[in-house]
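Going by the order they are written in, the chains are A, B and C; count residues from 1 in each one.
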Amino acid sequence: MNRLLLILWSLGPMLWQLYTSFRPNAALTGNPLQGGWTLEHYQSLLEGNPPFWRYLLNSGVVGLSSTLLTLVVAVPCAYGLSRLGRKTARSVNVLVAVAAAFPYVLLFLALLQVARDLHLGNNLLALSLPYTGLSLPLAILLLQASFRDIPPELEEAARLEGLGLWQRLRWVLLPLMAPAIASASLLIFLFCWNEYPIALTWLSRADLLTLAPAMARIAGSSVFTVPYGGFAAATVLGSIPLILLVLLFQRQIVSGLTQGAIKG
Amino acid sequence: MAPALLLLLAVFALPMVQYAWLSTQAQTVLTGLEPQPVGLAQWQRLLQDGRFWQDAFQTLRFGLCSVGLELVLGLAVALLLNQPLRGRTLLRTVSLLPWALPTTVMALGWRWIFNDPFGPINLLLAQLGLPTVSFLGDPSITWLSMVWADTWKTTPFVALLLLAGLQTIPADLYEAAALEGANRWQSLRRITLPLLSPYILIAVLFRLAQALGLFDLVQVLTAGGPAGSTESLALYAYINAMRFLDFGYSATLMLAAFLLMLLLSGGAVLLWLLSRPRLAGGQR
Amino acid sequence: MTATSNPNSAHGALKLQQLGRRVGRQQLLDSLSLTVQPGEILALLGPSGCGKSTTLRLLAGLDPASSGQILLGDDDITTTPPADRGVALVFQSYALYPHLSVERNLSLGPELRGTRPELMKEDINRVLDLLQLQDLRHRKPAGLSGGQRQRVALGRALLRRPRLMLLDEPMSNLDAKLREELRAELQHILRSIGAPVIYVTHDQHEAMGLADRIAVLERGQLQQVGSAEELYRRPANSFVAGFLGNPSINLLSLRPGQLIGLRPEQLRLASPGAAPTAMEASLSAQLTTREWLGDRVLLHLSSADGPLKVMRPSSDSLAAGLQPGAQVEVQWSRVDALNFDARSGERIELS
């Protein structure tokens, strides 16, 4: 019974969107059981200018590049912190944790200034820079905890065998951290995919919009009519990649979420 | 290590410094968008700005209500998921979905669900012969609709965090309590809550900070309306910067929001520290 | 046993000269001087925290020395980076790479060091044969028993063709029975390397059974180096006397300013009133409890000078028949008694 309630609470709103997205606009204001079905909403989204998949692609590009960049920057930092004394690392970590919880929307004005000064606006790859900065705290906390979980003898053994720092990372430490890296990557990717205020202010060209600002633009496009069929189709299309991601990687996402919060 | 920490400073600390400076400047269309020093005039203006105080109140109201609701529901879900049920993994996956969706996507969805009179809730009410509710058109109700939507999205996060906490509590504690004749409610109060309190604190701090940065949801769901009754501090700061091109005041607003958040987080930590000896005493 | 000895590189002796390590105010190791010959196995023995693992880490180069020198053959390696010392270390936890198979555990180091592939293959096969790991080569460490893991760790060390071989309590993760079985095999393999071997342990049986010489450490200071027999018969001080031997030596203050050390196994029992010969000494005591150990009996006695342990063969009818509370005379040969200065603990030779 409780379980049913939980499922209904979680899935109900999404199912309603799915249902709406296949209904002709005229039928939406009538009896919910009559009025037939249609694919027109999806058609118009995919034939729009730019087509809807473009936003998904943009989000994917930004998400992937930001995730990669974050890992590249965070791994050495986490390694360094994990090799510091516990006391020093702890005080650094408190600050990192504060940054991780920071409502980053408050940063948009300063970051927008950066974009203007350095001409980084309307550039998907440049958007990875603020995203990397914003994802770093979580990545550092997760990876650092994972570094600390590896017994120091393993690295010492590798050192004695003549492995340099890079070789130790590449062959011994990072393979052992694969689960943590997967968790961190997924969370970073989710964050970048969903991020709104920075994308909203850095991107203005319609064909470069990521999903979140595109969604807001769709929502704002028609205030007086009720094009909810189109809206619903957009929410469905915008949700599918994430739903797939959650279904596939539920375990890693959950472990990343809880680890990040607990160790930080 | 150094590049990462520098980047962190650049992204998180530098803006605060910049805002502090910008809040002593006027930078508007009138100054040709060039900063001009005005001392503390922006701060004076802030104190006298009714819209600021209203937004601050609305942001706080939203934050406290939604975090409170999420805690209660999150704990219920966590307790449910902590039982050895069939299909627990599936349940966890399903309950995680709302959290993973982009806020703008789900806000657009909720706009339709809250629709008056064609949203599903109002359809149901009408079917039952009850009056429909103007979820998004009534200033006294709309903010609650927003709390509802936010709770739907973030309860999974809180639940998973508390679930992780629950799983650290050894089962023999409950067995010992049961042997001493404690009922379920007593063991929840005497064992679960005290041992869970660090996790609750983490959840509260994190969620409170996020809720005070309320922006995506409001902008897409209500755009601050009706009659400004749902406008948040972040949205007001955004409007000042992007619509009024008043950058100095926008910076002042954001710094004020930041300080408010620090104050609130400090309060939450204090509350936790104060409640600890009592809870520990209850355990003895 | 030529699997690992390298005929081209003659092994040199290891010399520690006043080696010390201090961290903050703590002197972990104080001025240790030792020489270990090629092919010799030296056990570093002592209770936990005595400085034996510290010494090992200094030799491996994992921690820097605060004073003194380490010489290996003709080279001063005091500040040489770990990888360039030609040192192999078998860790207490074995430190096998959990994500790699046995074979990859062995090959990772040589491969990344740039060893020629065909040479490496040959080497690895020889080590796998030597350690009887051929059938396990594709397993991951999690699928191995403790003894098998130890062999893999040993194999990894052997592949380095070390100029100095270090082992940090390699048996402590194994059960008692297995330890005894492996001791001879391990000794055989270690000797075949031809390099100086340092073996850290807190187990005196292991040290005595495996090593040519034993160095006893306590609180960062070397107490004594010597063969097991030397340490047993002529301990330098009461600490060494107490640490070696099981059950441990009786220390009684029969004379002012002195401690007399009496090994339980060198004591005899006689009926009350029996007079000792000129070569013997005795004291009277009362039986408290008795432990039956199969071929031997361990008697706990109390005397006017303190508690006393006596170990007798179970064929000793007096020892076997004695009732708790009964009086008995404890006798020993004067030559067997060890005398220590009560204050410094140093042994005193009585002429």
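Here, a residue touches a chain if its C-beta (ideal position, glycine included) is under 8 Å from a C-beta of that chain, and two chains touch if they have at least 3 such contacts.
What you see is a predicted model; the values in this text were computed from it and never measured.
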Completion exercise
Comparing A-B with A-C, the one with more C-beta contacts is A-B
Problem - Per-chain CA centroid nearest to the all-protein CA mean - result: A
Handout entry: Centre distance in Å when chain B and chain C are each reduced to the mean of their C-alpha atoms
Key = 62
Completion exercise
CA centroids of chain A and chain B: separation to the nearest Å works out as 18
Handout entry: Chain centre separation (chain A, chain C; CA means) in Å
Key = 56
Problem - Touching residues on chain C, where the partner in the complex is chain A - result: 60-62, 82-84, 87-89, 91-93, 95, 97-99, 108-109, 112-113, 156, 160
Exercise for the section: Provide the residue numbers of chain A that touch chain C in the complex, in ascending order. Expected result: 151, 153-154, 156-163, 167, 171-172, 175-176
Exercise for the section: Under the touch definition given earlier, write down the residues of chain B that touch chain A in their complex. Expected result: 1, 3-5, 7-8, 10-12, 14-15, 18-19, 77, 80, 85, 87, 89, 91-98, 100-113, 115, 118, 120, 123, 152, 156-157, 160-161, 163-165, 199, 202-203, 205-206, 209-210, 212-213, 215-216, 219-220, 223, 234, 237-238, 241-242, 247, 250-251, 254, 257-258, 261
Practice task
Mind listing the chain A positions that touch chain B in their complex?
Solution key: 2-3, 6-7, 9-11, 13-14, 16-17, 20, 28-29, 32, 73-74, 76-77, 79-81, 92, 96, 99, 101-113, 130, 132-134, 136-137, 140, 190, 193-194, 196-197, 201, 211-213, 215-216, 218-220, 226, 228, 231-232, 234-235, 238-239, 242-243, 245-247, 250, 253-254, 257-258, 261-262
